[in-house]
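Beneath this line is the structure, given in structure tokens, with notes to follow.
Which chain is which? They are A, B, C and D, in the order written, and residues in each are numbered from 1.
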Amino acid sequence: MKPVCLVIGAGAGIGGTVGSRFAREGYHAVLCRRSDEDGLNRLVEGIRSEGGDATGYLLNAVQPDSIEDRIAAVEADIGPIRVVLYNLGSQVGDRSLETTSYKVFELGWRMATFGLFRTASAVCPRMVERGGGAILVTSSTAAVRGNKGQHSHAASMAGRRMLCQTLNAEFGPSGVHIVHILIDGAVDAPDTLGKMLGPEKYRALRETRGMEHDGLMLPEKIADTYVHLAHQHRSTWSNEIDLRSFNDMPWWNS
Amino acid sequence: MKPVCLVIGAGAGIGGTVGSRFAREGYHAVLCRRSDEDGLNRLVEGIRSEGGDATGYLLNAVQPDSIEDRIAAVEADIGPIRVVLYNLGSQVGDRSLETTSYKVFELGWRMATFGLFRTASAVCPRMVERGGGAILVTSSTAAVRGNKGQHSHAASMAGRRMLCQTLNAEFGPSGVHIVHILIDGAVDAPDTLGKMLGPEKYRALRETRGMEHDGLMLPEKIADTYVHLAHQHRSTWSNEIDLRSFNDMPWWNS
Amino acid sequence: MKPVCLVIGAGAGIGGTVGSRFAREGYHAVLCRRSDEDGLNRLVEGIRSEGGDATGYLLNAVQPDSIEDRIAAVEADIGPIRVVLYNLGSQVGDRSLETTSYKVFELGWRMATFGLFRTASAVCPRMVERGGGAILVTSSTAAVRGNKGQHSHAASMAGRRMLCQTLNAEFGPSGVHIVHILIDGAVDAPDTLGKMLGPEKYRALRETRGMEHDGLMLPEKIADTYVHLAHQHRSTWSNEIDLRSFNDMPWWNS
Amino acid sequence: MKPVCLVIGAGAGIGGTVGSRFAREGYHAVLCRRSDEDGLNRLVEGIRSEGGDATGYLLNAVQPDSIEDRIAAVEADIGPIRVVLYNLGSQVGDRSLETTSYKVFELGWRMATFGLFRTASAVCPRMVERGGGAILVTSSTAAVRGNKGQHSHAASMAGRRMLCQTLNAEFGPSGVHIVHILIDGAVDAPDTLGKMLGPEKYRALRETRGMEHDGLMLPEKIADTYVHLAHQHRSTWSNEIDLRSFNDMPWWNS
């Protein structure tokens, strides 16, 4: 039975691409996303057409029991989850305090912080029992500094980063590898960057930067590092790593 | 009319002591705490017996509208809030993931993160309208590193720290001073440390360390720095500061 | 005999102003700077005309024995050093790697890192013997992030920050209070900002920002916080603090 | 002609092992170390016996022109340097301030900070001209926090970390990849850990922890990550990463 790589937040950018890569590495990719069943099916078909194993599910991660039930079903029906990619963000664009409703603020926490807590609660005991596993968490600079208009995003991503540290402190010695991966730049992803910019701006940006195939962060190349991290020998684990394009300044530079 | 210093989390440690100090500096201290009406009354009477102004309220900060209504009432009935001390923590002791219920994890967020968001939502517009104010936020090392068993505490305090940064980015230029104050050590406070240790251990600890009046962090001395921060000239603001006893190693040392 | 406040780097900005303030607080201010004897004399006379005690010395801090001999002479002739303000920077403007000579790189280290090490080596044993003292270290964002063109500045200031941490770890429990004070903004100081910009730009900047008396960081107000830090009770020490103007974004914001 | 991987600090731990790995990946490994010509020859012979290319040199990195001349000679005689591994540390054990001589403090800076500056000054222009290259810098927790007795080590490693950031800010956009790799744990290396502990303690430690092949950090496994980092696509670079054994607590945990 193949080990499972469970992707929570499997859009056409990092989530779907990393899932496909794990399928190529011999995993059964289980791809979960909130909406766009057609897009989900395309990802699954893409993997299968390469000879890989994949299954897709629509999953509303903020709904009670959604993550827990999915994990239980995957373990029962598909196989043991060896790798989780927690890829849900909470970016809602820049919003002033006044226009950040309590609901939006809480939603950010439910997606970025509480969702990981629920995932870990469901999956860590299983991984411990099997002697190991990896939880890769995609993160952003909002986890380490709070910019204007980022109330919900920064609070929820920072909470998530510290949750990664407490999870590692408890489960690292049992072989569960938690990695906080800070994506510090624009990813060449139609589902997120594309939607944020709109089709014209996105095409223009890709033409000026993406044409060189390295101005934007390429999901295929990001996947190289995710796979490497998931397979690091346990004597040599990374818990925090940053990623950015060579021609972008890191977040700490002015 | 005296300016108001509103303390959310006014126990017998930092909250009550800092509130009393602000009363001595000419503020009307509005002290809010969840329970122990007798303790609250003692704090209020203590301030009044010194000739200061104080009012006390029981306040359940995680209840909807509790903070918002209290702020509105204070502004209407007592005076303009010049300083807020947000002093609620989310420490629940060390708990493994398994024994950290969803409810406990969420409660930590409601107290440490969402409560500050609600407070800021209610008070920042008023402060901006008046040209300024200060929000002092008591914090702990859980905001900057996640130790074992601290899932709820670390996630919620880290979220709060980044929220302080986003609030500062939006409201600093309008004169609202947000300060994240990291308390890195044991405070000589009967309501928290005393209850955690129990009366005997607490007395023993005070005898070995507190008798010298500087092994434990003294709330009266902590108050000196809180008052200083609230009154820094706006050309020279601190946004992040740490505090610890001279004979404690900082959190970053091994 | 008055306690001594020794200022290394006593220009007309932070150094001279903080020195004057300590004189007003009852210290004998010993002001040291590399050059401009007239400027130095003006500072000393200014303090004396207010009834304070001050002595000035020209001091080339990168010259062997200069700091050590001055400290020994001050202790012998003037009084016990209670507070040191180490105020030397290593900013040499933005320089590419190619135009940063080995000499410049080393000079930065000699001023910003090694100079503090020498100062601490000379003064810490005396402070320990007397049961305490304070070393205030003025720092900059280069200590926590390396911007383009800042090879010498960033390497030397970061070295200094970690040296503050090792000094605190060794001498804090003996009562020597080390504070790393990160100045995150432009200071209204003719000797540094004024010279960097030239008289016209400096005047223009002061007119647009300084006229409001809070767009630039005012040395007099910075001094309030320095004095507070030097006098924090030892149960409640800060080791790291940042300072900036209310309308400047912190270094961590983009 | 094979690309060159230049290792400065090629002992029997990380330096030699990573060098050997790069040789297996098709590089000519140029191994430099201060002493132990026999050990150096064994490393070189080991690589050659596997069919790889390697050359070894004794190099005193703190001696003027030593690094610069070696780089020039390698470029002239062996080939273009594609990867540099800067692997010199400045750990001298715990020393109080009193027993840290000026000479020791300066030596730390010459090895850990200035040596990298000299290396970068010699190699970056060549890499820029060729459109890219990678500089991997082995680091330690002393770069991010200063423990007791670590005056020389912490000041020099922190300076080095910020130097990595300034180098990246200048040379990243030209394709030179600078990575600061924080080794947060004990490495199974006879030349460093072995000498520090002495043969008996080292054997005992390996028996209790190393026998499991993952209690100590294994240089062979560390090399996996170094090679991955050096070959990351330029759209997806890491600049800071940490590494530790699964059963060691990260430095930030108490």
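General observations
Keep this in mind: a residue touches a chain if its C-beta (ideal position, glycine included) is under 8 Å from a C-beta of that chain, and two chains touch if they have at least 3 such contacts.
Bear in mind the structure is a predicted one, so any value in this text is a computation, not a measurement.
Counted as hops between touching chains, the shortest connection from subunit B to subunit C is 1. Because subunit A and subunit B carry the same sequence, their contact can be compared by residue number, and over half of the numbers here are used by both.
Each of A-C and A-D has its own count of C-beta contacts, and the greater count is at A-D. Greatest Cα centroid separation from subunit A: this falls to C. Annotation: 34 Å between the Cα-based centres of subunit A and subunit B.
Between the Cα centres of subunit A and subunit C there is a gap of 45 Å. Separating the centre of subunit A from that of subunit D, both taken as means of CA atoms, is a distance of 32 Å.
In subunit C, 145-148, 165, 168-169, 252-253 are the positions where the chain touches two or more neighbouring chains simultaneously.
With chains as nodes and touching pairs as edges, the resulting graph is complete, every pair of chains being joined. Within the complex, the subunit C residues that touch subunit A are 141, 144-148, 251-254. Residues 96-98, 100, 102, 105-106, 109, 113-114, 117-118, 120-121, 124-125, 142-143, 145-151, 154-171 of subunit C are the ones that touch subunit D when the two sit in their complex. Looking at the complex, you find that subunit D touches subunit A at residues 165, 168-169, 172-173, 175, 177, 188, 213-218, 221-222, 224-225, 228, 232-247, 249-250, 252-253.
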